[in-house]
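Just below sit the structures, each encoded as structure tokens.
Two complexes follow with subunit A in common, the first pairing it with subunit B and the second with subunit C.
Then we have the complex of A and B:
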């Protein structure tokens, strides 16, 4: 192990689930002093808070017990070259191929939590685009300091203390990028570990970009990902997340997006694979007329659990939010949605709509939906709704009467149900997302 | 005449709540024939169609149905479809999110797979569909919309006939394919059905009115009342019903 032990924090009397992480904590060599300070402060915050308890409303549907009992540590050293990374490599490379939207697209690969230049595309970046390792950027640029402050929330704090890398994307003002930027978060290590990646996305005024992030891996690990996004006035970002984690993997990701005047942020997350998935998006609408579209879909089976969490804070007038969350659960899977939209005093003429639609495909599957509106302004248009149901028998019979076998008919209807969330995607992304969804459907075991 | 394509023998069927709807239906349909089944509301016309297609929610209490010599009632709905049975729905189901053409191709390919045939490719399929569209006077735009979602009544019925044209069934049961249509739509549907008459195909028209039968001369007309076929005859029977209504049925049994 390299780096400096952090004596100050370890001395705290900590909760039992926290202590192993305090013991494992080291400060990475060669980082600026300010970053060490942020790491230590974050660790102290994590030590104080500990794991969220069941009383914590936003974490109550996730079972953290296994994680508390068996801590998973980050890799202390940089991972070896992939050739030496273990038996999974062939299969993983194939999965990396599958995760590509376009063969020639811009690709940035984080392998086991660190930038892997060999797997990433080597071509020249378009003008006005900067894409690289956050760790490298933080070492040389003091300007990033205010962007990498210790965040609130226990796992965000743990992330800030332990992160080793992530991506840094910066789009210059006025730059319009039509081609999606592809980020692949790949887990190749054979050992059980935790990965804390922290990334930063900054869009300049009137710039536009599309980001597609895939999370893939095999086996058991814990991913704890944090992304901070800042959109300058009139900037537009479309972000797509595809979760295809290892069968026994735990995935938490948390995004905070700050929107300037007339900025537009659209997010679409597709939760497909992984044992425990939690996807959290927080939007702070600071500028007048900022718009956000938050879509998410989860297709769950077996004993998967997934939690989609969002909070949108409207601080300025004329903001708009459209949120559509769809969960289809079979087997004994458990899905949950908690979404809150807050309209603060003075944020007049906000137009916000939230809709949660859910399909229960087996008697032992469960879905909880909790849409919430908090309104402190008087001239707003806000609504929310939630529905839970089964597939429509009449539709299934109609399909079967035309020759589609029962299983295929159900698959077709489940796919149609979920595909609504892809409305923001254009080709070739739409095609890619649809094909990932179909692939997952083909393996859906609808056990009772 | 050889073996009938469809032989319904003393069929009794009831709803899940126990109400008996079909009380002993006997019907024989041979290849190449067009039969019309008429009758007042509640006589069991749609139940007969539903039982033949295999819809859940009905209990067959007695009787047998043979289709191409096989026990139809033991077959799953998709198997019946693959064996050439087609039901045009009285109320075609709307399926938002499923593209009409994608659905049609999936249905055709599912049937082909069951017969061990290769799947039809998208280009070849599109060419075949376009030919049939002209026949039905249907707008190509409907192909690219979600299946029946937001279709007008006439569009839905034409879409059913388009499916029939593509799937090329051996036995088509058309359940009130003429209801809710204006005269132009009715003519288009009738023309479509007429063009699908073939020596190796039988058509059973379930209808309330004689209107459709003026366009499509059926070989046999049956009158269904209270779950039984009370009268069978040629085309003239339909005209008689049109003149006198179903009032005489009471004496007929």
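Then we have the complex of A and C:
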């Protein structure tokens, strides 16, 4: 697929880290004109803003220097069929298998940033559910236009300019889905690259769905993922994210969820593998009585850095937010949490609670926490708490007095600490998530 | 006697009753022409007859300031300040330095009278040594001799530069360097006067040291510089209180306070800040940009900040502790009230460097009217701070639906043996508590004041007696009109 170069944008004077991306920019063929316009606008915005600096409050705990020095480009061509990708095949299929929650569940695979029908499950979709490639949907439906507007923020803009695919999930009003929909973001390409996937989730009134997204891959790449979620009144979405990226991978993902009246959004992210991870969730509570639950856990070691970022904006009355973020850092890992809850004028009776708990497991690990409250209404109940420390000696002693070796005792306590965030998961999912967590914990303890 | 500082009433008073301390003393002031450049710095330095090293010090601060931009990270909305439109020096006209109180301008003394500063005989009864600063120059210092017997130096910075140059040179700028931040650099370049206190080893200062800062001449920023050094095993409690005349134009205040606590030393620094907050429409009021920092240099040293912030249109203030000595202690107790269009962005920084260092933060914010109140605090535990401990609590109370209360804590931990805890709540007065009080026969107003009083109590009890009186004064006036 060769495309049209965007001369208008690359002529802009740009910051040095931006220029390579301007040069690499092409407009995909066959797309509607409005989408081209959005891409060009987004690219111009990215060119203007450049990479966020350390002075940017939202990005202060992540080192973008390596990425600025060694740009990673998106794949220009569609990837070959997996059979041709060769060497990786066996190992990757095994990892894909591991990432499954249920063997027979609905599966949608994005390989190297593009929908791969061969790897995805072919089964029939339940009634009222639409699941497909966003790229295909955008080509045929102008209705998506307002949903794919250029977002703010430099990397979201870069994503909007470069995205080639993503998933599009639409649940019809009144549809109740008990089985989780599984999305696997798989990186199979041998070369270093960046992947910009942009996805859209729309839930109709009084519908309910569960989404489980796994991010897996090997080697060095930069994933820049963006998801927009819109929940109609009384819709309910539970979303789970598992980050098991390649050892040298950079993962940024950003979600924006807009909640209608009495809608309920719950998000649970588990950050396990990858060199640099940034998980951002923004919730805009527009409807009265909208509720959100934002949970996240990170288990870090070596030189991993992870940044969990969230912002909840309460624009309507009677909203509720519960946020629980847990970070356990060992080795020389650096974990950071930045969460903000804003209650806008008039959003009375909002009940919001934010809790950040962190474990420092080694002398060289580091944890930062910044739980933030911004309150412009008086009749609210908002609170936050944060704590940092090591495992409790008394608890370790208790375990050891019951015959557990030191290592196992520590492992047990760390796992118990992190598993709190899984409270929203139902049985098959909870089992899957905690097995991924245990797996990661086992490798954590092997490190010197 | 109870101490019912009803904060809610206080803010109401500030909104409705006008400003009690709004009077202007007419004294001929000798001012520098507006503008800031090398000449201004040389003018100030020359006026004060400073040695060349201090002039150099000021000039390097000016050079640093010119490279800096005003900070914009605080949650404050203000029009850009034209630093060239401000006059950087104003001194009450005096032919010679006063030898006794009789020589002091009587107009000035009456000003103090109105403020209730215990000069003359009352000073002994009150047991307070007052270094009264009126528009930048220290006019009268009391109790100096008594303190001198113990080896305590308590004088204006200007005097200290002349008489104790070695001490000043050793400590000035050692906690807040000239280029620390925009406002500290500005202060370092143009500071006019301030207080210097040195407590020699092993001496516990028998008096509460106190200074009243007062801004007077119009369009004059005030740039105080305070330096307090407690040598090994010394202890001192210092009180600072502020009131200012009513003005329409915003007045800039950029003070720097440096505290140094050597081994086993303890410094307690208390502030009641009650500057003109502007009128109900947000017109006028003081811009208060203060850099306050204490350095616990020696082992087992302790620095404690207590502040009651009720005034100023803009408050930008983060009294901090650098806990370098092993087992040193930092404390921060704060009540901040914003009403009408007042904005406060205040908090603290606790930097844990030494082993087993401990810090406590207790911040209470009350917002009313259209006031915006932000707590912004940093707790940083460095890798060497084995066994460090911090507990932070900040609570916000909202009165009315047009105000804002914000909490922005930063927690950065680099040592696994450290325990850091932060908790914060925001809300309006609990209906349950109100109901309970009313059920027991209290009127709504009384119930409210009881609860608000309880809300701030933990901080107010940290205030020394002298300030408890000031706090009561504020309360007494604020209760006028609310009863009957």
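Just so we're on the same page, the second predicted complex is superposed on the first by the 442 of 448 C-alpha atoms of A that agree within 3 Å, B and C clash if a C-alpha of one lies under 4 Å from a C-alpha of the other, contacts with A are read in each partner's own complex, and residues count from 1 in each chain.
Keep this in mind: contacts are C-beta pairs under 8 Å (C-beta built on N, C-alpha and C of every residue); 3 or more make two chains touch, one makes a residue touch a chain.
Fair warning: this is a prediction, and the values are worked out from it, not measured in the lab.
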**Request:** Return first, second, both or neither, reflecting whether A:15 touches subunit B, subunit C, both chains, or no partner chain.
**Result:** neither
**Prompt:** Looking at the overlay, does A:377 come into contact with subunit B only (first), subunit C only (second), both, or neither?
**Reply:** second
**Request:** Using the touch definition from the top, say if A:145 reaches subunit B (first), subunit C (second), both or neither.
**Result:** neither
**Prompt:** Residues of subunit A touched: more by subunit B or subunit C?
**Reply:** C
**Message:** For A:386 in the superposed arrangement: first (subunit B), second (subunit C), both or neither?
**Reply:** second
**Message:** Contact-wise, after the overlay, does A:208 reach subunit B, subunit C, both or neither (first, second, both, neither)?
**Reply:** neither
**Asked** Looking at the overlay, what does A:100 touch: subunit B (first), subunit C (second), both, or neither?
**Response** neither
**Request:** Report for A:363: first if it touches subunit B alone, second if subunit C alone, otherwise both or neither.
**Result:** second
**Message:** Touch test for A:288: subunit B only (first), subunit C only (second), both, or neither?
**Reply:** neither
**Prompt:** Across the complex, what residues on subunit A touch subunit C?
**Reply:** 57, 345-346, 348, 358, 360-390
**Asked** Hey, which residues of subunit A end up touching subunit B in the complex?
**Response** 392-395, 397-406, 408-409, 412-413, 415-417, 419-420
**Complete:** subunit C contacts subunit A in the complex at 73, 381, 383, 396, 398-428
**Prompt:** Quick one: in the complex, what on subunit B touches subunit A?
**Reply:** 53-56, 76-78, 80-82, 86-87, 89, 92-93, 95-98, 103, 106-108, 110-111, 114, 163, 167
